[in-house]
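What follows is a pair of complexes built around subunit A, which joins subunit B in one and subunit C in the other.
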Partner chain A sequence: MRRIRFVILISIMAMVAAACSAPDAGDDTTTTAAATATTSGSVDATTTTAGAAETTEAMAEGCDEPIRVGVLQPLTGGLAASGTDAKDGFELYWANHSTEIAGCTVEFRVEDTGGNPDTALQKVDELVQNYGAQIIVGELLANVTFALADRLKDNEDVIFMSPIGSADDMTQRNPFPNFIRAGGWTSSQTSHVLGQWAFDNGYTDVASMCTDYAFGWEMCGGFTQVFTEAGGTVAASEQLWNPLGSTDLGTYVTQLSGFDPDAVFVLQVGASVSDFFQNWSDFGLKEQIPILAGEVTADVSNIRNVPVDQVEGLISSGHWAEGRDAPETQEFVELFDAATGRLPSYYAAATWTAAQYIDETIQAMNGDLSDKAAALETMKGLELLTPFGPSVLDDYGNPIYDIYIRQVVVRDDGRVWNVVIDTYNDIDQFWPKSADEYLQQPVYSREFQGNAGG
Partner chain B sequence: MLRSLSLTARVKLGLAAAGIGLGVAAPYIFDRFVIGLISLALIAGLFAQSIDLLGGYAGLITLGHAGVSGTAAYGVGYMASKAGAGFTAQIAVGFLAGMTAALIFGVMAMRSDGVYFIMVTLAQGMIVWGLSIRLFRITGAENGLTGIPRPPAVELYWQYYYLTLVVVVLCWALLGIVVNSPFGTSLKGLRESETRMRMLGYNTTGQKLYVFLIAGFFATVSGILLVYLNGFISPSTVILAASAIGVLEAILGGIGTLVGPMIGAFIIVFVQNVVSIYVSRWPTLMGTLFIVVVLFARRGLVGAISDGWNKWLHRNDAPVSQEPVLTSSNRTAGP
Partner chain C sequence: MTDGLKSAVPPTSEPAFDASRSDAPTSRWLWWGGSIVALALLVWWILTQMTGTAFLAQALNGLSFGAVLFFLASGFTLIFGLMRITNLAHGGFYLVGGYIGISVVRATGNFFFAMLVSAVSIMLLGLVTERVLLRPIRGLEKPEVLLTIGLTFVLGDLSLAIWGGDPTPIPKPDFLNGALNIGGFIYPRYRLFVIACAVVVGAILFWVEKKTRWGAMVRAGVDDRETVAALGINIKAVFTGAFMFGAFLAGFAGVIGGAFLTLLPGQDFEVLLFALAVVIIGGLGSLKGAALGVVIVGLIDSFGKALIPELSFFTLFAPMAIILVLRPRGLLGRK
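Take a look at the complex of A and B:
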């Protein structure tokens, strides 16, 4: 019996540990989910806002059945805080826009995957077959998104949207016919731009420290390739890879200072983010070596857990900048802040934008989504002004955005956010190469970083 | 013939018949979602049973068993997705990969016991996970492997469900033969006292390797069934939590029985996938369930049910003065 109790203890500890180090796309582990967990797991959006009383147009054909949208996010486990942001963003959109579009009602249900592909595959069956979802809005983990895309690829009655899961190959070398990344991004799309910016701003010798898994490889590779092809140097021996979920990064940080680089490209996720910044300031490096951060590392969901003085002034690149001074961004930021008391992370902006794409597509299709191929084409043809800024989709279903060089600034209320210091317009996932040229090369990995210096 | 059996045996027989009957009829009763869940639960149950063969019968609790089933699943996934091989080759490579992992792990672990066995197997599971996120040419790293279709004969969900049902019931029967054989009895001896077994002349090291290989075989089968069910494999299948869930399923249902792990698997799969639709705090619910079972039903749900049944059977007997002593013979109840 004692042994069994020991095993239970170990198992529970293991699951907690596994949940905390859950991979990909940055999880903010310290934000309490309690504040937002009051909403139940499944919500039917039947609330229509006053004021947005959009009357059914006479020309609209109307719908026999509501248009149903299924949302799958991790609402429990280590990614619960990020998943809850995503859920809140999606719900917030429909709380502020009419669910009556072109004579049709939009309904949605949010389901919890726990970040587990097995569960996500069961839930998506349930949503498609029993709930009758015509649109699935996907998960934030790369592997769950791949699992869902593979399950849905032969289903011609469903559109699969992935506003968060950012694995490069989903819209590059391993595309799925009914998959669209409206509101989303590819991992290397934003770090390409940072590579160019770093070179343009006089950095010539950069070291890197990225998390050792697919997302880290893609972020780091995007920076390394563009930066070295522009003329900069990233020595392969100065690219450090720390294991996923590691929380004592002191040894890596001392190695970095030994390289004496002009700057360091950093991509950390989850609990490693605050540990990195803690070490970076403890070793007194903040004033000596500038950091160029990957998007998720500087996302508000991560930096709001870090002492202000450790991140103030941090440079990063991203498709999302909550401090961007534009009405379409600030309107959303204020709504989200008022509703949840948090500044919105890119997870929230992404699902809001996905909802916006759904709304506009239904309007453009006049409520008739029966032809999913036509609906997909319509969605790809939309030109929207989203909280991210102007958004159009390329032939592969990935957005072409303005990518921002961002800097962390302290707001008047003491919270930190990312403001825009430079903008690169109309950046697609292949920039600065053409699609044909870019797709010749393999996807970024630890072995292939696209390093022009070899 | 039926009359010659005891009431308990007849009830067990009846339940087994009802279970198989329900299993066969299920696709006519339930929709696709529920059938998918039952398939998943059957596979998880087989996995938990193979853990229980090690943990419950031989006293060798493993926290790395998903490494074995996951290696088999990756074998299939690699051949289907990257090598583009036929189904025979896929399954053959899956088996070979799973059994090779079981052999290597068995040889590594066979000289340890108790907590040390747990730590060795834990490390083995972590090695497989570490490789799965690093060897991206074989495993697709974090993205996993997609594009693993089922063989055409079992392509539809209900066809695959029947295949799963048949394979799991067959494996269950095989496991029953193993645990009721002299070898199975010697495993219980190993659990109770390895020193005494060695004194009696048993080669306990060899015994551990054999039982690891047998358990590895059933884990391999469950891994291959799982990868075709999902059409997908990623590091989530081989993380520590996947191994731990298997152990918890066995403990929840009743360790040292074969029906227990299956019941535990059904409960956990349904809480994860169905209860979570209605209860957003379902992990709390599951945690509470574990605590209640460990506190009040030490031998799992099956143990609690069989205790209750025995109490009911003997309700009219003269009260026995002393409490039944927990010995090795009554610690393992059920089939």
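Take a look at the complex of A and C:
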């Protein structure tokens, strides 16, 4: 009997551990308690290795002190691959640009959060108080980003940049004064566009299959609202929600085929991406029902190991398209590929762009970042040409980008990437509505998908 | 007749009659009859919710997922039954086995060769684990559990360092890709292959357990280790052999499962959790229990996701809790 109790206890431990290694690739919830609990467990054991600390050398001449930037990413644990992409993108920028700007030296240090909010808070205190960071760049997970924003919101000496964590409300209904999303995006921003494109291209009846947490609700809601308000149909009974980290998606795929839709909007993260495509092709559905994928699901980091024939031709929307035929994109892609042997994911492009924003802001402020409010205003006023394309920031500190409709094609070297097949110019986070109208409605959730059909 | 005799005996000399534990035919009938009626009602209800084809597809989905778990759970339960070790490193063995499989498939292009190489490598890893790490702490429950769970973390981080953290499925051989069309019913070939594998391996395991000298030693070891040792059988060697065989199956499962569930850091704990659910429901230490457990867990997982997707973890673990309350040793566990 004791033995059995013991085993139950252990199995509960394992359950927690299993949940926490949930491989959500990158962006998620600010609100679900589950997600917070999720990330806390795995890291206790995996982050004992202290984060790689990296510092550029040389002291400043024009400034008394170097300008210090702290970067927080998960470099161990289930999100390590995405976090490493983010780290590499940031480092690559400074390897290719001078750290001497307007007589000042820029230094940075990358710290490992393990995807854990507690660790992240410890590390950010250390970066701000001991290292003297004036700018913090972080994190992948929205719950960690939210914890950091909350810790930093009253600190007038720090600018907090979030190029990846994409929870809608952080630049909508619940903004923080010193928070800026330069190089970033909001979850629903790119799927709004896909909803319009799907309707314009003749789809009328679409089912969905999204991961059941804030990021999935926002991505799915963005698509559903614009698509149904344009005139399409997404039946509530045909919206499937699978838990984050579900094992074996065959069951859901079987259900989707029973709905017999024109197309399926899919948002999966981490291992569920290859699991989904595997099942979709094994059940013989790839030739029958087109998939419209949310940005992260088609990100090169998620599809680079999936058998090519399962994803070739996949349609998605995104602010990032590594196959976009423009010099500002291809220069970065070639640099990143040469340095790491990988095609860059949007995580890498995002931190590179954040570094670019930092560089340009210091130049525009002539090296003096002592007035953080002025520096933030300056950053918001910049008009940059980034690997994403042209980028300006709206009043809420979120970028206005060109959003691309992308298709997965196979390159000559056999690797897959996303090329642009259609572009929607100057899309802000509220498109196609105005900010005032958009902010009247609640943030997307499982209950609120903005479905015009009810 | 027996009951009458029992009630005639004064209560002090005999423990009170316990319906749930008694082997009296009536309570057994009630137990099994009730279960069958409940099951029939459940199936009937499910059939009102979906078409027959969908029902068949979902049942096969559940069985194929259960089949992957069977390779894990049978090894886990063998090790537990014989050695009383809750080997939480089993998930780590699965993950490393899968990753070795990927490397071999990439190098040679041969899926079946990868299965063999993985299974043998993990068997050797099991040998080292048992001989070097577990032997010094034999019989100490908590150190054993901590050591095996710690080993899982070490294996997980090593895999991350060697194979990276991107989700990676194992490429399948061409003839197992795509779907089979059986009179209009379309179903993935690979899943059918996995079910067939589990049936074959299961049959071999039962045959070995019942009919061979090795099986007899294992059965005797499960029942009474001291006597087995006293009869001149080297029980330590039996332990090592069982542990290696369990690891062999976990490595095999890594390749079968890796082509199906995708490999990723963290997958080790996920499959371990399901394997634990299987052996807890079926009964720790029982091979039959493991077989029954995978069918139950697989079907609950599949139909739970299909009917109440938002509660899919609840539908899986709530029955586990109920079974534990009613039968603390699992459905087929021994006292």
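Here is the rule we use: the second predicted complex is superposed on the first by the 393 of 454 C-alpha atoms of A that agree within 3 Å, B and C clash if a C-alpha of one lies under 4 Å from a C-alpha of the other, contacts with A are read in each partner's own complex, and residues count from 1 in each chain.
In this section, a residue touches a chain if its C-beta (ideal position, glycine included) is under 8 Å from a C-beta of that chain, and two chains touch if they have at least 3 such contacts.
Fair warning: this is a prediction, and the values are worked out from it, not measured in the lab.
Contact with neither subunit B nor subunit C is seen for A:Asp394 once the two complexes are overlaid on the shared chain.
When the shared chain is aligned, subunit B and subunit C each come close enough to touch A:Thr76.
Residue contacts after overlaying the shared chain place A:Asp422 against neither subunit B nor subunit C. By the touch criterion defined above, A:Gly245 reaches subunit C but does not reach subunit B.
Look at A:Ala271: by the touch rule set out above, it reaches subunit C but stays clear of subunit B. Of the two partner chains placed by superposition, A:Asp337 touches none, neither subunit B nor subunit C. In the superposition on chain A, A:Asn305 makes contact with subunit C only, not with subunit B. When both complexes are overlaid on chain A, the residue A:Asp205 reaches neither subunit B nor subunit C. Once the two complexes are overlaid on the shared chain, A:Asp112 sits against subunit B while remaining clear of subunit C. Residues common to the contacts of subunit A with subunit B and with subunit C across the two structures: 1, 3-4, 6-8, 10-11, 14-15, 17-18, 23, 42, 76-77, 212, 446. On the side of subunit A, the complex with subunit B involves touching residues 1, 3-8, 10-12, 14-15, 17-19, 23-24, 37, 39-42, 75-77, 111-112, 114-119, 121-123, 125-126, 129-130, 142-144, 146-147, 149-151, 167, 169, 174, 212-215, 217, 244, 445-446. Within the complex formed with subunit A, the subunit B residues making contact are 31-33, 36-37, 40, 55, 59, 61, 63, 114-115, 118, 122, 133-134, 136, 141-144, 146-147, 230-232, 234-237, 239-241, 244-245, 247-248, 251, 255, 272-273, 276-283, 287, 290, 294, 298. On subunit C, the positions that touch subunit A within their shared complex are 50-51, 54, 57-58, 61-62, 64-65, 84, 86, 88, 91, 141, 145, 149, 153, 156-157, 160, 164-169, 171, 177-179, 186-191, 260-267, 269-274, 276-277, 280, 284, 301-302, 305-306, 309-310, 312-313, 317, 324, 328-329. Of all residues in subunit A, those touching subunit C in their complex are 1, 3-4, 6-8, 10-11, 13-15, 17-18, 20-23, 42, 45-46, 76-82, 84, 212, 240-243, 245-248, 250-252, 254-255, 258, 270-275, 278-279, 281-284, 301-302, 304-307, 446.
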